[in-house]
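Pasting the structures in now, so scroll down.
The same chain A turns up in both complexes below, where it pairs with chain B and then with chain C.
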Partner chain A sequence: MGTRGRERMKQSSLSIDTLREVVRTLPKNGLTPSREAAVAHLDEHGLPTLRDEDWKYTDLSPVVDISNRWLTAGGQQQLPKPPSETIAAITSSIDAAWLVISNGTIDEQSVGALKQKGVEVSRFSDAPSEFVMSRPLADLNAALLQDGLRVRVTESIEKPIGILIVDRAGDSVAVAQSCVEIEVGSGVSADFIEYHASEGDADHYANTVLSIAVGDRADVRHVRIQNRSVRHVQTGRTSITAGREARLRMASYDLGGGLIRNDVDIDISEPGADITFDGLYLAGDGQHIDNHTRVDHRVGPATSSQEYRGILKGNCRCVWNGKAIVHKGADGTDASQANHNLLLSDKAEIDTKPELEIYADEVKCSHGTTVGQLDETALFYLRARGLDKRHATQILTHAFAADIVLRAPVAGVKDAITAIVEARLAELIEADAAADLLS
Partner chain B sequence: MATESENLESLVNRRYEHGFITDIETDSLPPGLNEDVVRAISARKHEPPFMLEWRLQAYRQWLEMKEPKWAHVHYPKIDYNEISYFSAPKSDEDRPKSLDEVDPKLLETYDKLGIPLHERARLAGVAVDAVFDSVSVATTFKEKLSEAGVIFCSFSEAVQEYPDLVQKYLGTVVPRRDNFFAALNAAVFSDGSFVYIPKGVRCPMELSTYFRINAANTGQFERTLIIADEGSHVSYLEGCTAPMRDENQLHAAVVELIALKDAEIKYSTVQNWYPGDENGVGGIYNFVTKRGDCRGANSKISWTQVETGSAITWKYPSCLLRGDNSVGEFYSVAVANNMQQADTGTKMIHIGRNTSSTIVSKGISAGRAENAYRGLVRVMPQAHGARNHTQCDSLLIGKQCGAHTFPYMEIKNPSARVEHEATTSKISADQLFYCRQRGLSEEDAVNMIVNGFCKEVFKELPMEFAVEAQALLNVSLEGAVG
Partner chain C sequence: MLEITDLKSRIGDSEILRGLSLSVKAGEVHAIMGPNGSGKSTLAQVIAGHEDYEVTGGTVTYEGHDLLELEPEERAREGIFLGFQYPVEIPGVNNAYLLKAAVNAKRKHQGLGEVDAFEFLKLAREKMAVLGMDPKFLNRGVNEGFSGGEKKRNEILQMAMLEPSLAILDETDSGLDIDALKAVAAGVNALRSPERAIILVTHYQRLLDYVQPDYVHVLSQGRIVRSGDKSLALELEERGYEWVREAANA
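Here is the complex of A and B:
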């Protein structure tokens, strides 16, 4: 272990020895070499701490704590499955061909049931990919992963492919890893829905890794909905590579989760890519939602544009960090970033940081961030027309969120998103109304 | 374009104008840093015991600190034991009573820099406390200032004459262990300026200090302390150039500003230290801590900076907005050409109620330079009604340079209104063509466009400084467009 590794270990203190023991108990298969490499890498680098610039605002102590307790208890893999009603409630609300991963275990039935022309689903254990030195949390994922899913789309598909990552915390602490690799072939058009849900009272930590390789001239739309229990912790990394003239539309909705950290990395190494990704986060008491995005423009021309919006209510904290790097020679890059936040309570905190690193000159880059509260004049206008404060607040916050909701790139999912966003906003504002009555 | 490029190339290759060495005997300490050096500096300056104690504590804290690594700059490791921590012109023993007594060689230096001290001082009504290397050698207009009750003197003098004021305010804005370079400065600072504006006084003239680094291998550790008592007003100008040297020189200054109730401090800087040659050899490392404390209600601190020099700039003039209704401002033009690296910006910490801050940052990158804006806007939970607007623009000239923005916003109060806008652009061929078609040379066209880009900041500078800054900018960017 290098000095740097040792230093970090002191702070994050993920028990590597226990991890190694648990990894040894996993069945020997094609994933074994990458598991060992991941443990070694993790041993060297440790988990990030608040001293790491990228983790300045998000303390991973709950992740370390839950993981250590779970590892010490033997790192049980066969965790309770969520009841089929929970799964059915989600899969029936959105029309898609669903692949289900519950508590880190791939649901074989769902894999078998997915029979779409032009779609091949396989497991990592059948044909393992080589371990690539990665980020610490992705290392943890690779070390403990039971099995991963690989989805190849070779022909354009009409029906979206849904990936449901659903967890249930039973009586004891649990940790679940999931990993999905998506490959979309040249000129193929495809829709994806990624849905996260969890239930149960015990502490739960889910760690997800998703990669999407968008082929040349492919057209991909991706919607991510995260509606976990506010008691649970999730970290996720989404890595995207864009082919020549690839087009990608993404939208991400964070509604639940106690501690949520999303890392989205987009790598543009072929000219002509056109990428839009938007996000909405709604946070209430006890929630911490952190979105980190990074776009590497390695060649031009290419366009990337992102807009994240947040509504914060109660004792909560949100973090947004958008980074666009325009590498040397990436002329013709057009990158824009925007982050807008509504702070609706005294105890809410937003830490926002739009970063640009530019090493080319034929570029158009801009970013804008705002933090504020509801417009007094707009509230007054509505109240003067007979609406009470709660209704007026509701209308204005809905309007603020609607921009991102309406941008959901998969048409069939808009209703479902509208419904859960409305329900969550009602909860947040309802709490406010109750507090108003008391005060 | 080919011939123009050649012309411009020759301009690029022009050497730094202010690169010359004045040959004056200096009384330096041998290189190295330990407690004895700290004691020696304190003893040479006949400091009272509290200063020595303060320095020693800073030194001990510094030993435990690590050099920061987060800035977007790269430089070889600095050996702090190779630096000589004290260098004073020989004439220190018997200070000149007036300009006539000043070493003529020194005056010559100022002439070469285009600062005819007496003339300039009289004509422009500016009092100049010129810092040559580390010790003040000439102070003018003292009488006029003392009539108004304004104290404007070198730091060493202040320690002797006004120890109570120094002890009361020193280190209250930038504590000894604030950061690695501030701690180093606190331990070994040689001199600097001290300003005190009494209650209700509007300083009758703009105060100015010209810094100049001279002896080779001499770290320059200035410390400036400005206190504006209730209801007072002061405008302070700081400007610098440095002679050409091949070895990198470290400059770790600290500036502390304190504005009490209803007071206003305007601090303007033109920084033009030697940036190194076109291959990045030599040049000053400028690692500076500048911070203003709006301690009283309705106080205001305004920073304006034009940064064209130094091989590496690492500088974040900040405002602690503690008083209710206090105002912080930061206007900056940072130019990086050739191999220069700049990581500069500001911090606005909103603590009191109804505080507001404005940030306007213009970064210009040319050659193979790296220019980063790094700024923090923090609104504390109790800071009701805080308002910030940040505008941060980058201009790229050439394909080898980099322009970066790292704005941090930490908002803990819902009544805050914080806005950040940033753009990155280049001088377009269309703009140049338009200007050229109207008979401007390419160089003039670039200057005009760049000056337009920086106008918002220049208009914040005092008149004579603005003219100088504009000229400086033109020189700094000579040949940047090919």
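Here is the complex of A and C:
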């Protein structure tokens, strides 16, 4: 056995046989062919490991472990649902037409509520989708997905469409898959809000796949809020395709979660696209938040700009990897990437890496990353105005996050995000103050 | 109010204050002048409690208590205000928020309730009018993108809202055009009262045309080498600092 083989042995792998058995028990419908293809793909490729360049900082062992335990227990699909108050607390705080997916099960009533003039909704089980197997973890999603939804927006809508993925971990280990495909028609303006939440003590793994096809000259705003329990695991993939002169404003907020891995892929194959995507992640003890983004500029001119910011405190690790590939001939590309991190403890670790691959001639690309502590001068300034050290720390930390919060492209979610960010930062800094007292 | 006796302080390995003594009583306005590097700003920072400056000798008492024992925020709440030479830009923190937090921190320390939001705004707008500040500055990030003059006016606004017992203004006049200088001076003069003391740290005499000091002190190499009334400032303006430095070394 070679070195590679031994390493593979060390990292546990997904039990394909058990997976196959569980998939066999799922109802036969339009999803069956893609499920079988997904299992075959997984059998051949397995899940990503630390040896894969794109996954070297994020150990998926918890994903494998939770999945295997759940599969061995029979892969129960009818999992407990969160209490209606939990759902109502979220949906009432943010104005949107909410589609609710709980533990992988699409809430029928909410699908009805989604339907409005200019919005068509269909299920994968009725109209199967072409799954793109080469995307890691999308295969696992396809293999175990109960059902997926396709949302087509053909006319501009005023009210945002909300997608609430809310899970409850009951007494036993659970795994939930969800998949939503969004198509926004030519010239259509639409807002989307994606909200992830979870509760409960048992181990839980959620795997989500979302795609947005932004039509020619369409104008789309998308906000993603991840506020899962710090006990839970989530992997998610967001795939964007941009049409001619499409405009997309996207912001992503990772405010909770234990092990979180987000992949964002943006494909620009038509000229004139204008895309901004920003992100904020807050991590405390025991959390691991990994954001991998990739933009493929296949034609120019087009603009992509991203800024992610992170606040890390305690024993945690975050990863930001922003890749922009400017393909041959994509002249007139303007791509910028930035990642700024505030480290509030020496146990926090950040791996930050911009990656630019440029094969075109006429391009404008920039990137910048920073990792730092709080500005001591600003801290003293605030204290000299009578604010105690903790309050001053809180204010400066909040200010660092505020820039990204204010960039949330859907106005109606800013208050909700601010409230979660404030509460979370207070927790992180409170913990800091407690540690100061103990030391 | 403030008694500084034989104060010695250093930052890193360099000794900056070398036995400075100064007595300031309520109702007085003192101007501290001196060439660059004489220790003017260090004195201001030490009084405000900046941790980078190590006090290696001497005492500072404020209203009869050992000031050096207090944290910077405690000093502020006890009524000491430092107007910064370089006010810090804090993007993302609303100016009004900081003002209110500062006022409330002091009120809480005094055993008072939080300031009424309506009263606070009314008061802030009044003070801003005196300083010739547009009320929209309340909703901007603290000093974010402010011009030099706007930053200094903002310092004076904070001072006006906090109504300190002892205000130390560190080179508040530097980099101001004549209008801004007059506005800042108006803000300082509005604060003059028999209960308050003001220390103006300045390189130039020009501010003293608008804020008349009771005493002028000249700092050189970390010590006060000359004290006098406002005519000393005029003399300095005429004869330059070299004259003082020579006198100090003699």
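Operating definition for what follows: the second predicted complex is superposed on the first by the 425 of 439 C-alpha atoms of A that agree within 3 Å, B and C clash if a C-alpha of one lies under 4 Å from a C-alpha of the other, contacts with A are read in each partner's own complex, and residues count from 1 in each chain.
By definition in this document, contacts are C-beta pairs under 8 Å (C-beta built on N, C-alpha and C of every residue); 3 or more make two chains touch, one makes a residue touch a chain.
Source: prediction; values computed, not measured.
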Check your understanding: For the overlay on chain A, clash or fit between chain B and chain C?
Key -> fit
Review point. Taking the superposition as given, does A:118 touch the first partner, chain B, the second, chain C, both, or neither?
Key: neither
Review point. Where does A:27 make contact in the superposed view: on chain B (first), on chain C (second), on both, or on neither?
Key: neither
Point to revise | Touch count on chain A, higher of chain B and chain C | key: B
**Study point:** Touched partner set for A:349, first chain B, second chain C, both or neither
**Key:** first
Exercise for review: Considering only the touch criterion stated at the top, classify A:398 as touching first (chain B), second (chain C), both, or neither.
Suggested key: second
Point to revise | Centroid geometry (CA): angle chain B/chain A/chain C, rounded to a multiple of 10 degrees | key: 80
Exercise for review: Examine A:286 and indicate which partner it touches, taking first as chain B and second as chain C; both and neither are also allowed.
Suggested key: neither
Check your understanding: Touching A:366 in the superposition: chain B (first), chain C (second), both, neither?
Key -> first
Review point. Once you lay one complex on the other using chain A, what is the shortest C-alpha distance from chain B to chain C, in Å?
Key: 15
Point to revise | Shared chain A surface residues [contacts with chain B and with chain C] | key: none
Revision key, fill the gap. So, in the complex, the side of chain A touching chain B is made of residues 53, 57, 328-329, 331, 341, 343-373
Review point. Which chain B residues qualify as touching chain A in the complex?
Key: 70, 72, 381, 394, 396-426
Practice item. Quick one: which bits of chain C touch chain A in the complex? Just the residue numbers, please. Key: 48-51, 71-73, 75-77, 82, 84, 87-88, 90-93, 97-98, 101-102, 105-106, 109, 141, 158, 162
Point to revise | Residue ranges of chain A in contact with chain C within the complex | key: 375, 377-378, 380-389, 391-392, 395-396, 398-403
